[in-house]
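Handing you this structure, nothing more for now.
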Amino acid sequence: MSPSDQIPPGGEDPEALASMRSMFGPDVTFLGVPRADKRRREDLESADVVVVGAPFDSGTSYRSGARFGPLAIRTGDAQPAVPRRPHLTLGIDPFAALRVVDIGDVLMPPGDIERSHANLREVVARVVAAEAIPVVLGGDHSIAYADISGVADVLGFGKVGVLHFDAHPDTWDTEFGSLYGHGTPMRRLIESGAVSGEQFVQIGLRGYWPDPRLQEWMHHQKMTWFEMATISTRGLDDCLSHAFSILLAGANAVFVSIDIDVVDPAFAPGTGVPEVGGLTSRQLLDAVRRAGLELPVVGAEVVEVSPPYDAAGTITAYLANRVVLEMLSGIARRRASSE
Amino acid sequence: MSPSDQIPPGGEDPEALASMRSMFGPDVTFLGVPRADKRRREDLESADVVVVGAPFDSGTSYRSGARFGPLAIRTGDAQPAVPRRPHLTLGIDPFAALRVVDIGDVLMPPGDIERSHANLREVVARVVAAEAIPVVLGGDHSIAYADISGVADVLGFGKVGVLHFDAHPDTWDTEFGSLYGHGTPMRRLIESGAVSGEQFVQIGLRGYWPDPRLQEWMHHQKMTWFEMATISTRGLDDCLSHAFSILLAGANAVFVSIDIDVVDPAFAPGTGVPEVGGLTSRQLLDAVRRAGLELPVVGAEVVEVSPPYDAAGTITAYLANRVVLEMLSGIARRRASSE
Amino acid sequence: MSPSDQIPPGGEDPEALASMRSMFGPDVTFLGVPRADKRRREDLESADVVVVGAPFDSGTSYRSGARFGPLAIRTGDAQPAVPRRPHLTLGIDPFAALRVVDIGDVLMPPGDIERSHANLREVVARVVAAEAIPVVLGGDHSIAYADISGVADVLGFGKVGVLHFDAHPDTWDTEFGSLYGHGTPMRRLIESGAVSGEQFVQIGLRGYWPDPRLQEWMHHQKMTWFEMATISTRGLDDCLSHAFSILLAGANAVFVSIDIDVVDPAFAPGTGVPEVGGLTSRQLLDAVRRAGLELPVVGAEVVEVSPPYDAAGTITAYLANRVVLEMLSGIARRRASSE
Amino acid sequence: MSPSDQIPPGGEDPEALASMRSMFGPDVTFLGVPRADKRRREDLESADVVVVGAPFDSGTSYRSGARFGPLAIRTGDAQPAVPRRPHLTLGIDPFAALRVVDIGDVLMPPGDIERSHANLREVVARVVAAEAIPVVLGGDHSIAYADISGVADVLGFGKVGVLHFDAHPDTWDTEFGSLYGHGTPMRRLIESGAVSGEQFVQIGLRGYWPDPRLQEWMHHQKMTWFEMATISTRGLDDCLSHAFSILLAGANAVFVSIDIDVVDPAFAPGTGVPEVGGLTSRQLLDAVRRAGLELPVVGAEVVEVSPPYDAAGTITAYLANRVVLEMLSGIARRRASSE
Amino acid sequence: MSPSDQIPPGGEDPEALASMRSMFGPDVTFLGVPRADKRRREDLESADVVVVGAPFDSGTSYRSGARFGPLAIRTGDAQPAVPRRPHLTLGIDPFAALRVVDIGDVLMPPGDIERSHANLREVVARVVAAEAIPVVLGGDHSIAYADISGVADVLGFGKVGVLHFDAHPDTWDTEFGSLYGHGTPMRRLIESGAVSGEQFVQIGLRGYWPDPRLQEWMHHQKMTWFEMATISTRGLDDCLSHAFSILLAGANAVFVSIDIDVVDPAFAPGTGVPEVGGLTSRQLLDAVRRAGLELPVVGAEVVEVSPPYDAAGTITAYLANRVVLEMLSGIARRRASSE
Amino acid sequence: MSPSDQIPPGGEDPEALASMRSMFGPDVTFLGVPRADKRRREDLESADVVVVGAPFDSGTSYRSGARFGPLAIRTGDAQPAVPRRPHLTLGIDPFAALRVVDIGDVLMPPGDIERSHANLREVVARVVAAEAIPVVLGGDHSIAYADISGVADVLGFGKVGVLHFDAHPDTWDTEFGSLYGHGTPMRRLIESGAVSGEQFVQIGLRGYWPDPRLQEWMHHQKMTWFEMATISTRGLDDCLSHAFSILLAGANAVFVSIDIDVVDPAFAPGTGVPEVGGLTSRQLLDAVRRAGLELPVVGAEVVEVSPPYDAAGTITAYLANRVVLEMLSGIARRRASSE
């Protein structure tokens, strides 16, 4: 471990800034997978999946704390930090089947959302250009704009569908008068053309927004959404099948964006804008595994884990850790089956 | 904000006592709805729904803390304290469709349950007399005796049915040798004639009481109850349909009493007498919305939220806040449809 | 353990009410001292010190929870519940030197402060009549009125001095319009003549009350108080010497009332009305031991421990437990020295 | 309460060690049932069910704290510590129908797992020899080896089936290089011949182990397991029926081992190795009650409750308390029906 | 309360943004003082002291959460939210002696530190221009740059001394490569000429920075600092007298900047960058009161209260509330004495 | 990071056991110092100070959890994990002045205290033999027996003095009938001859043991102790001077054993056997620095940090981290001065 592993916040050394690997807390990788250097192309090209930390919480409109999300998700496991996780149901170990590496955190200065997003977008694009799958650990949901734009920068605007698990649509026009924040990324993605509304499917909405004007805009963009009341009535599996058919009809590439607040706060109290009445943890795990198995996933993000609010044994971070594992296991199984 | 907004506990000024609006903590209204004066008849008459704080926890037989329930429920939301909450499923904003006001807290001295109940009963009766719907934020469940008696004082004894969500039947004869407490209100209501046992339906009972003698009394009163084991087998929707048919057969007016402990403590840890094995938060939200839509609701209460035990992001208060919103939205939709 | 050890709150059996020993939680004694029956005179007469539980929190003007104080203080120790506690500095084991028994909790229905106080006052008087020293575990500070009146009922009105550790003077005239509460007991005691203001000394006052009118009343009663700013300047030992000289001049008997909020909330977060800037735990322990050693103590109470707010390892309950031990050790040493 | 109720950890008195009843914290019985002496044969013979505390957490491979499990489970109830618990659904009070006693904790020195297990095994065997049913409150799951071996010592090796609720199979070969730990007990039981793999059924497995080699061993032993994905698809009731038919085919006696981590950490955060995506509390309660009703239960254990991680109102301990009650109620109903 | 009291984060209405009074949570004033409108000059001119909320936490280099500081400090009191706080030692009620108003929160979008600072600086300058004293409730310490620059904008660059309580000097050159953050404000203030290093005095430094290079810069600027080791040796009162003499020699106006982490985390756990070994709460209270009494205070700020980390009864917010009160009381006493 | 960084608890691979570096949680070094291999002699010989993790909590007689102490102490800092910590008062950076490395955790199976101690003792001896100073991060205090015996194995029995900060003397004869535990290590050390009682000095004792018999034994061994009451009266600095003179008279080598419970639980709630009335954090920091500066330190340990009980921002781990830094800084300064 060299002195530049973690960034000295007050350091004046540009090289230290460029090489740092952890913004907050000790420098560890996701469940102990090998470290890669985000600046070395060969490191990225030799990987199937690249874990990226996005420790940013200045996009949140309420509770902050998601800056500690990447650390909590990387270490959120009672089992040893050794990359061996045989999947019971799928009969595959994602770390044996896929080359998974972790490039550490992207430099995201809290007070400068535009620079932070630009840094992240560039890293994600570099990963996609190396033909690896970026799995981004947030951070608040504002990073979706950077993550998905970064994918679209390489694969083409309008070429990527989005499967979006969330309690909220995140389609506000502005947030506190700013264009960027965790309530606006999906609007920015559609307005910029990075993603078409027709290839945008949302799962798990509930609560008391968007308001009618916003719903109208979403309808106008031909977005599709399944609210919790619908999921209760139709069943989650049926809704997912419907959602997948929409995505598979329009896109050869799908990005999966998972806001942990899609599950009920009983299962995920450690989040910034909790909304009661959500999915169970089991429903989310099964849904994410199915997405990995059935969709052409080109990238994913798990966002809005806020450790300071994660009482009761850090169960939110544990859930997010398993969400990543289910995604990786699904992808691994799909690849193994198609070979 | 005048100096009499919150009561000075040690003040000797009777006027300050009469005009105070908050017993514990800052003086705020439910999600920012307009303030009304509980002493001004015109304030009440110009409202459709009146929110009432009942910050009382001296009726509890175990954990106290529910005195902070009204404050926690009023502010239990990550969204701004601005009364705009468009309901996604029902397509209506209860604050646009209904005139909702908040009259603050009733004066309820902790050590004097009889005076506390009398104060509350009088306020509730005044609201009902003004043809508004009282929505009372508890406080422990002992207040049900005051709330429902206050409604019956205006609408007539034996004229109001009660839909009661709870883990416990609350039909003890006495509590610590006293007639009043959170274990006895339903007994007092039936014995006084305010409510007939035939119009009393309980949802969600579980655990290890009442004992056989008490069950016998309940049967004798012709009360109906659906315990969790039954709900598991028959399904909640079927049980609710059955319950609603009983209530609609016997009463033109229904009071809905919601003890937050009807949900499992995973979803509502912040309560005085937790009992495992309860409803999910989604089940309760759907049930309450249905009650608002299908029943002639003349009043409601949400009780037993105990903030000091509400770890993990105050999720119990958040749930109670949404329970109120689902009730208001259901009522708004029903009114809009019947116009 | 018989079925009547703990009171069944909903039981209809008067005998069970009379014989119950624990209102909330399991039936245990202070550090495992022998159980005594509060109704048997010989049990009391054979004791030097009688521990009494007063699990009452309906007198508090803010945070409740002190009803769990007696249980938390009785068990607040990492060492075994075996009554052996050799005092390092004094060279005496209070449980070897004194016959200490525990009579369990007094029945104090939360919603009825007058009946609760009456029950407690009667028990305390019975203990004093048996020539034992009552050590009452609160509960909120409203019980001081019952505790000290009970002592005065036997030893005579105006015959007992009071040494009062507290952040607050507790001399309000009324609380929420009621005469009884945790802000008023010292006023009631002086007005009733149970204690003379001249024999009333307060240690540790700070914060922003009493207001001038109240201070005037206190001066008029010839009460003495030492606020924290004075203690900082003069030193605690000097203030205590001054305080003791006042008490010893006027009374042959002293009751020591210890509100745990006299220490800073860093040392005692689990309390109902925390006020920053207080004593350290070490200062309180040394002061209480000195009181036991130097004053003719006829009774004591430790109040306002509120377990639901006692995060971080229940350190408030641990402190209260040691406050009792220091008092017992001081008394034991004084007796041993005078024999 | 005599001085030997709780063990003085540093005492040199062998008699005190032999007679102690509580290793950590105050000496209380399960919900106030009568105390029995583990050394007196007549005490055990006069009982139908004997509650045994196994306060041991040195077998855990991750979070410790389960040593406080017995205390937390015994007192995990908002209702009084009086042994009256009429079961609503089954119409029976287990404490009226069965003679249930509590013998307190077994002496289990934390640093010596072999001696600890030997002490426990001997006590369990003594209970079974007295024809009573031991219900052991853990402690970590390493105690399963002692508990079930103790039963087999009396009823015969290979004569007892095991119904095992858990997120993990606990069939590791070694743990930190040791044969004994909470990851290995089921392996030891099968290898020693105490239980046959054919009579071993596991419910609730999930997560990312065992690895293929371990699965192969389990298959080779003819063990049966139902993982959560299967339970989601087939339904828990169907899986249980299948499991019970296996057990009833091969054994006249069944031991039920319940690791509280079989439920989702939302319902049971207070545990040593939490794994998301588990059963709900209601599912576990219904399953355990069914086991009591339908199987010839000769012993049971509830393990892995770790109070220091049980935030949010100690809901894990409450759940474990009810798991015991459902088991007792099921057994009581089965006995009553067969008489 | 109008719909624009709290800002709707996703609102598109510029007027709502301009008139909003609370960024996060309900709209309340400091202990219930009257509300003033930050846009109305007469509101400011009629006040002696103006409380300003600066709910910003995107300047922090570690734990966030200080955005909830203003709400927590405004309501951090067990006494009623009525502006009456008679000071025991000084014999004055600051709310009677001074006209104190609260203008609510300044709009500070989390992801845009430059715009946030600009908004705050303008408001502070407006308050000073109206000849009132701004008391700013943070927020993280990055706001010091805005607060003190705003004062200097009116009173003149180089005309204001700074008394700075903190564990850290906050004189980094950059933070995560940015000029603005909570580690850099004092550097920016001196470099911009707003404050001269000679009039900059720091109290309470400890820990393991600044490094030698930074110390050299600070010496070069002629800054003065008293570290905790010095304070232990010389005594706090002596250090303060020394500090005050420096400030009074060079400036007719002093701004007091209080980072709550100057006290030990035992007294203030709820902060972003805790450093052990600090002042006690009593030391800080006495020091701040002395500053109000002895210095020509033209503005003050209390920063780095981070409620999500404020376990154990929110004692950090309570302390910060009293720090404001001591400052106000000292100022009031000084004014009264000089009249 | 290789697969053997953290031990797989259920692994059967002896090589993995031998090479593992972290028993619980991710593999990190103390504040980012370089990693060394405990098996390579040259790694140890090239270091001045070697940090050793001893994640063992099976020696505790009450609350467990100290197994997570090493991880919490290594990462207990808000500043980056980069080994640069310039000491403000001493004007030296210990990481610049000393070669400090971290060899990770020793393998200590929880259920086997004798093997665990043997493993630790061997590692400590190896470090001392390499002429480096071991700094051991506990773990419970039972490890003192292994740590100090390991030092004595190399430097000679009776050649090393011990400076022992603690609330308790840890001189029990047995614990739960076992010779080894956190209450007995000092007895074992003296009985075995590793340390002479004359060179054993204890600072900070308080509470209610040892009992007279134990005190007699301690006196007989010529041990010296300073209890808190003495420290209050004489002052800590005077007591330390006295203690140091005893140690310097009898030994050329001193081991410093710091039980974090020597400070008051307000400053260190996260510990296994809290005892109120202790030192402040500042007192401990100053004392440890002085020990490093004035004594010939050959080894040190910081024990009894129990993270699950470390609420309120993990302040206990932060304190322990600084205790290590003060010790290192004192040693560095002493070496620099003597060169």
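We call the chains A, B, C, D, E and F, going by the order they appear; numbering starts again at 1 in every chain.
Just so we're on the same page, contacts are C-beta pairs under 8 Å (C-beta built on N, C-alpha and C of every residue); 3 or more make two chains touch, one makes a residue touch a chain.
Only a predicted model underlies this, so the values are computations on that prediction, with no experimental measurement involved.
J.: Quick check on the contact graph: shortest path length from chain A to chain F, in steps?
T.: The least step count works out to 1.
J.: Just to be sure I understand the contacts, which chains border both chain F and chain C?
T.: Joint contacts, listed by label: D, E.
J.: On a CA-centroid basis, which chain has its centre farthest from chain C's?
T.: Relative to chain C, the chain whose C-alpha centre sits farthest away is A.
J.: With touch defined as above, tell me whether chain C and chain E contact each other through largely the same residue numbers, more than half shared, or through different ones.
T.: Because under half of the interface numbers appear in both copies, chain E and chain C meet with different residues.
J.: Taking the mean of the CA coordinates per chain, how far is chain E from chain F in Å?
T.: Using C-alpha averages as centres, the distance is 40 Å.
J.: Quick one: chain A and chain E, Cα centre-to-centre, how many Å?
T.: 37
J.: Listing for chain F: what residues touch at least two other chains?
T.: Residues 7, 9, 61-63, 84, 209, 264, 266, 280, 309, 311-312 of chain F touch two or more partner chains.
J.: Return all touching chain pairs.
T.: Taking the chains two at a time, the touching pairs are A-B, A-D, A-E, A-F, B-C, B-D, B-E, C-D, C-E, C-F, D-F, E-F.
J.: Can you list the chain C residues touching chain B in their complex?
T.: Where chain C meets chain B, its residues are 7, 9-12, 14, 17, 23-24, 57-65, 67-68, 107, 109-114, 116, 142, 172-178, 180-181, 183-184, 209, 308-309.
J.: Name, in rising order, each residue of chain A that touches chain B in their complex.
T.: Answer in residue numbers: 61-63, 205-212, 227-229, 232, 264-266, 269-278, 280, 309-312.
J.: Considering only the defined contacts, which chain E positions touch chain C in the complex?
T.: Going through chain E, the ones touching chain C are 78-79, 84-89, 91, 93, 264, 266-267, 280-282, 285-286, 311-313, 315, 318-319, 322, 325.
J.: With touch defined as at the start, can you tell me which chain C residues reach chain D in the complex?
T.: Against chain D, the touching part of chain C is residues 1, 3-9, 22, 25-29, 32-35, 74-75, 80-84.
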